[in-house]
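Provided herewith is a single structure, encoded as structure tokens, for subsequent inquiry.
Letters A, B, C and D mark the chains as written, and numbering starts fresh at 1 in each.
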Amino acid sequence: MRSHIAVAAAAFAVGGVWLWAFLSTDSVWLFASLIVVAVLAFAFFQRFDAAGRYRRALATRPRRAALFAVLAVAGVAGGLRDQAYPLLMLCTVLLFVVACIGLNIQTGYCGIVNFAGAAFFGTGAYTAAVLSAHGVPHLFAIVAGGIVAALVGSLLILPVLRTRGYYAALVTIAFGILFSTFLEVNSALGGPQGLKLPGIDLFGWRFNRDIQLGGASASFYVNYLVLSLALALAAFVFARRVERSWLGLAFDAVRLDETAAATFGIGIARAKIIAFTLGNLLCGISGATYAMMQGFIAPNNFTFGESLILVSIVILGGIGNPLGIVPAALVIIVVPQKLQFIQEYRFLLYGCLVILILLFRPEGLLPRPLRNYFPESSA
Amino acid sequence: MDPGVAAQYAFNGLMLGVIYAMVAVGFTLFFGVLDVIQFAHGDVVMAGAFVALATSLALHALGIAVPALVVIVVACAAGLAMALVGALIARYLVLPLRAAPAFNTLLVTLMLGSILRELVRLFYPNGSNPQPFPRLLPTVSKNLGNFTLRLDSVILLVTGIATIVMVNLVVRRTRFGLAIRAVAQDSDTARSMGIDFERVVLVTFAIGSALAGIAGVVYGLYYNEVNFDIGLLLGVIGFSAAVVGGLGSIYGAILGGFLFAALQTIGSVALPVSSAYNNVFAFAVVIILMTWKPTGLIAERPSERA
Amino acid sequence: MQRMMLTACAFALACVAAVPSMPASAKETVKIVYIGPLTGGNAALGLGGRNSADLAVQLHNADAKAKYTFDLVKLDDQCKPDIGVQVATKAGADSSIIAGITHYCSAVAIATVDTYHKFGLPVIVWGAVLPAITYGNDYPEIHRVNGTMINQNEVNAKLVTSLGYKTWVIIHDTTDYGKGHDEYFTKFLTQDGGKVLADFGVGADQQDFTAILTKVKELHPDVVYFGGLTPIGVRLRSQMDKLGIQSQFEGTSGIVSDSYIQALGPIAEGTIAFIDGAPIEKLPGGKFFLDQYAAHHYAEPPEAYGAYAFVAANLIMDAIEKVGPNRKAVTAELAKTKDHPSIVGPITFDAHGQNIVPIVTAYVVQDGKWVVWQDSDYAKGKRKLAGRK
Amino acid sequence: MTLAEPVTVADWLLTCRGLTMRFGGVLALDSLDLHVVQGEILGLIGPNGSGKTTFFNVLTGLYRPHAGRVEFAGRDITGHSPQQVCRAGIARTFQRSRLCLPLTVLDNVLIGNHPRLDNGVGFNVFRRRALRHQFDEGVETSRCLLATFNPDLAARLFDAAATLDMIDRRRVEICRALVNAPTLLLLDEPSAGMTHGETRELMDDILQIRASSSALTIVIIEHEMNVIERMTQRCVVLNYGEKIAEGPFRAIASDAAVQEAYLGQAMTT
């Protein structure tokens, strides 16, 4: 048992090294070989349930697992401390993970398909922009971003409650397009020229300053990394707890069979409203943070295309499994940038890549496992 | 408003509506047999247009210049090519993912769409720029006050409607159409009745995509210009039209197509605010419609028995 | 067992933390970066710019007397601000990259200025026309060779009003590009006594304009002004023809491209458009550029702004040749740029690093070619523009 | 079981008067009067499309009746929402198996227990210890309940419902309906898609359950007449949404009108 934990820990360390190399490499060959390594490792774990034993062992020690994850990312951050670009990519991935965990609560758990993710992400971003411009404390601006996104979402509650499946999808698609077009046409919020934002300033700690600790120096993106990591971790734990609870059970029942759910006294509307609001809240928070990290936002950051990217991450990761979102986000966000060396051919190759993945893993990278309310005790 | 101008608006709206309807019917057919959304459908339209373009250039090079002949050859080429593409999509991308959640099909076809776009952009000569589409139809025009009616537009309008009607007849009247509808109703029962499910799916996708290909030709001949990136928006609008009309119902798709065209026309000319809001308007109305009729204007199926 | 494993992973983490980042090693070859849209809707211009910058580098490297050989890193900003910031960070953080030729899309250019300033990477904008990019800040790193949309619209309004046109309908796409042009053209046109009958914004991916154009037809304007890029310009022009609208059609630098004419054929005849800079083909260097470009067999044409990317690349390489591969020195050197000869005319950067473009060139389509207005049959009165007696 | 003393209205658990339900032009229920006596097992039979399932759907609030009134345990529940009906103490199974196949057996059973579970966001996310307590209780009740049907089923508490065979799925469905200790249980063709042997087993289970809690009243829709004969004290025969006969199975089986209605369909006895 304990040795399993140790092995898992080692696995995290190896993963950390892999991630570090993956993010920092500029060499085509190293990049390619890293991909190959990942695929092989994945295939291996699929073939023989080698990972299972350790995963289960780790599942019984959630705190330990979280610790390892943090250590691994910390290690990566240490390795990348003075390389702004990989750090930025890592932050971007983590913040998108937060948003996608939100979508996952909606789509994966409660079955509400949301094709307006970017709209709620954007709502958060613009809220943060406006508030920070008026000198509102940044921490509050970020939280407000989430709340406003949730409120804007409540505009859609009625149609979302009445529609299902693709009909609900259309409602959100329509809203997403409506949102970005509105931002672009209406110059009240900067119009197509967008808005500038200040870097985050938490209680006097200025995130946009490079860090000087004694002799060592680190890129200012380390600040954002810490924040994004904290957010991602919190969102993950939150989503996990929602899933492994009566709430999660109610969500699943609603998703799988509304009629049956209703006859057993489950409030369909209540479940859907909770899921939809929670999801938009997370989208908004991550959007607000992302905007302040970027320092600039414009309507075409939040188009229908971006919503599709968010949905793609959720689907690719394996609908309903927050854990799958992390590798999926790496694929969807980092790989296209890593493919810069083939310039205009990037998206061709990238598209083929994703299709291949889905043909080999139709259920997504990490399909959702059976619910286990209290894994820590089912050892 | 001046009647001539009104007539002009109406006619433009109709033209637009036919193109949307042709795309929407494809969506609704696919959904009927497999309950999936083929998100690359809009890009199939685009591909169809480019196949047509290439064919017409080839014919030109061969010195074949009889417009009527050229048009027919071009349309057939686009239709057949896209039919093949559609069947291939069904066989190698959609059917393999049947077991998986329906939305995984969506992701795959989404990626396929961007692949089609990029392929045309990169490998069609100077593909990242708009391409001129030859004027193959007689452009004699008649001016009635402010209303300019061009023969080619009329021909296109008629052709578009005719194709949709044909597809509808195939689905409603033929034995094969019966098979399609059987699968659409309940694929398991259809199977047990000895219907070759896979074949039905492939042919349905072929038909829908052929329709899209022809829609591409109509698009090209009407606008006399095609660009590699027309697909995404056409796809979204086609999807919207199909859903608003009621997925699974051909009439719904047609209704939705014309409705959407009408909304956009009204949005760009009849609104007090800037015409740039026309999409805001159109999609806002869509949201309201969905709230009012959650399963589309022509409901998909009778409310299921609990 | 466990202790061993834990030490192992601790060690692994330690290694990661210990690995230093790659040191900058630029002795003989110097890296400079090109950033523009290589994929998506604006790819045509981005690829044209890339090829032109690449051409400049190749020509320079072929020159025996040069101290350095240059290596052009090419990055795609997808015309999206957030991606732009990512690639700008990539370039800025890579200390082996000395300077950049950056951005066609204004929203991206404006989004990235802070990043370049933060990393002290000197860049020359080659295509984005939004004034705020240079005038919205006083970062020494930011320069621009092409003019802003202010210049061309000023000249534009002057010329067309002088032709005796009275009424306009303005159509612009709702991107920063279109909206900016709309704003400045309206400003100067009203100054010069022109009358704007209506102003339509259209989506950058809109396909059908027949509804709007029918409304335009009702208004019978002398001129239809379009602020936007080639794809929509083409659609508008051909749909105008379809609806039998007789008004004169004029556009901005965004439609001055071979593909505009190629896509429209005869209908393109008589279209007026403006670009900021000297008429390339008239300057000796410009002729040279076009010949060389043809000689290198690039897959895509240089498009309207290729020449600027070419010029920007040369400015940067000349600066580096002079002061060596050092960002600060290059920034300082670029600031000194005054009457620097180039294929778009002499370049002079003002305090904001903006090239004070002396010339804006008016073009008109004549017999399937963009012809400089002054030399055209239309200016000479041999042919008549739409609605002119 | 036979009723010793004559039944009085006071013993009626469920009373429906003039219940009417239309689908377009079709009358699915035609002013139906029907009562269920406290503690009995009532058989609801009739040819396909005679309105049996519609009756259940109206009862459980899935459909809102166009006319008529439903009284349950003395309270008017006409047109109440499914949730309210459920809380009032009516539970049901479905004709087509309606388990959530991707979920575990436990999850499926607990869905039936939902009214008793604390569903607040705060509680579920932050008060894990309290949740843990409810969870352990849930596991215990489910295990016992399943065990009364089939011990091995209790052992498979944490397997996916998809892995069960037909009869076990039915059992789980019935447990899902029973876990919340309803006073009225509606069974919609429990024998559908099962062999005679399996059906017999299942009926034994049901009778056994009922023996353990005699408070339970059951209405059962069935086509298998031998099942009806064995299980029910009283039957109601529907045809075109109307009640055409009522009484002990023997009596109605010989009823001419019923024969008429079933013409063509064998009355397997």
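One rule holds in what follows: contacts are C-beta pairs under 8 Å (C-beta built on N, C-alpha and C of every residue); 3 or more make two chains touch, one makes a residue touch a chain.
Everything numeric here is computed off the predicted structure, so don't read it as measured data.
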Any idea whether A-C or A-D has more C-beta pairs in contact?
-> A-C
Based on the averaged CA atom positions, which chain is farthest from chain A?
-> D
Please work out the Cα centroid separation of chain C and chain D, and write it as a whole number of Å.
-> 72
Centre-to-centre distance between chain C and chain A (centres being mean Cα positions), rounded to whole Å = 35
Between chain A and chain D, centroid-to-centroid distance (C-alpha), Å = 44
Take the average of all CA coordinates in chain B, do the same for chain D, and state the distance between these two points in whole angstrom.
-> 48
Going by residue number, chain C touches two or more other chains at 39, 43, 47, 174, 201, 203
Send over the residues of chain B in touch with two or more other chains.
-> 118, 232, 274, 276, 279, 306
Shared-interface residues of chain D (touching two or more other chains) are 60, 62, 94
Any idea which chain B residues touch chain C in the complex?
-> 2, 5, 8-9, 12-13, 15-16, 118, 121, 126, 128-132, 141, 143, 146, 148, 150, 153, 223-225, 227, 229-230, 232-234, 264-265, 268-269, 274-276, 278-279
In the complex, chain B residues that touch chain A = 31, 37, 93, 96-97, 99-101, 103-104, 106-108, 110-112, 114-115, 118-119, 122, 232, 236, 239-240, 243-244, 247, 274, 276-277, 279-280, 283-284, 286-287, 290-291, 294-296, 304, 306
Where on chain C does chain B make contact in their complex?
-> 39-41, 43-44, 47, 174, 199-203, 205-208, 210-212, 214-215, 217-218, 230-231, 234-235, 238-239, 242-244, 257, 259, 262-265, 300-301
In the complex, chain A touches chain C at residues 2-3, 5-7, 9-10, 12-14, 16-17, 20, 24, 26, 71-72, 74-76, 78-80, 82-85, 88-89, 92, 181, 184-185, 187, 191-194, 196, 208, 219, 290, 294-298, 300-301, 337, 340, 343-344, 346-347
Footprint of chain B on chain A - complex, ascending | 107, 113, 156, 158-159, 162-164, 166-167, 169-171, 173-175, 177-178, 181-182, 184-185, 259, 263, 304-305, 308, 311-312, 315-316, 319, 344-345, 347-348, 351-352, 354-355, 358-359, 362-364
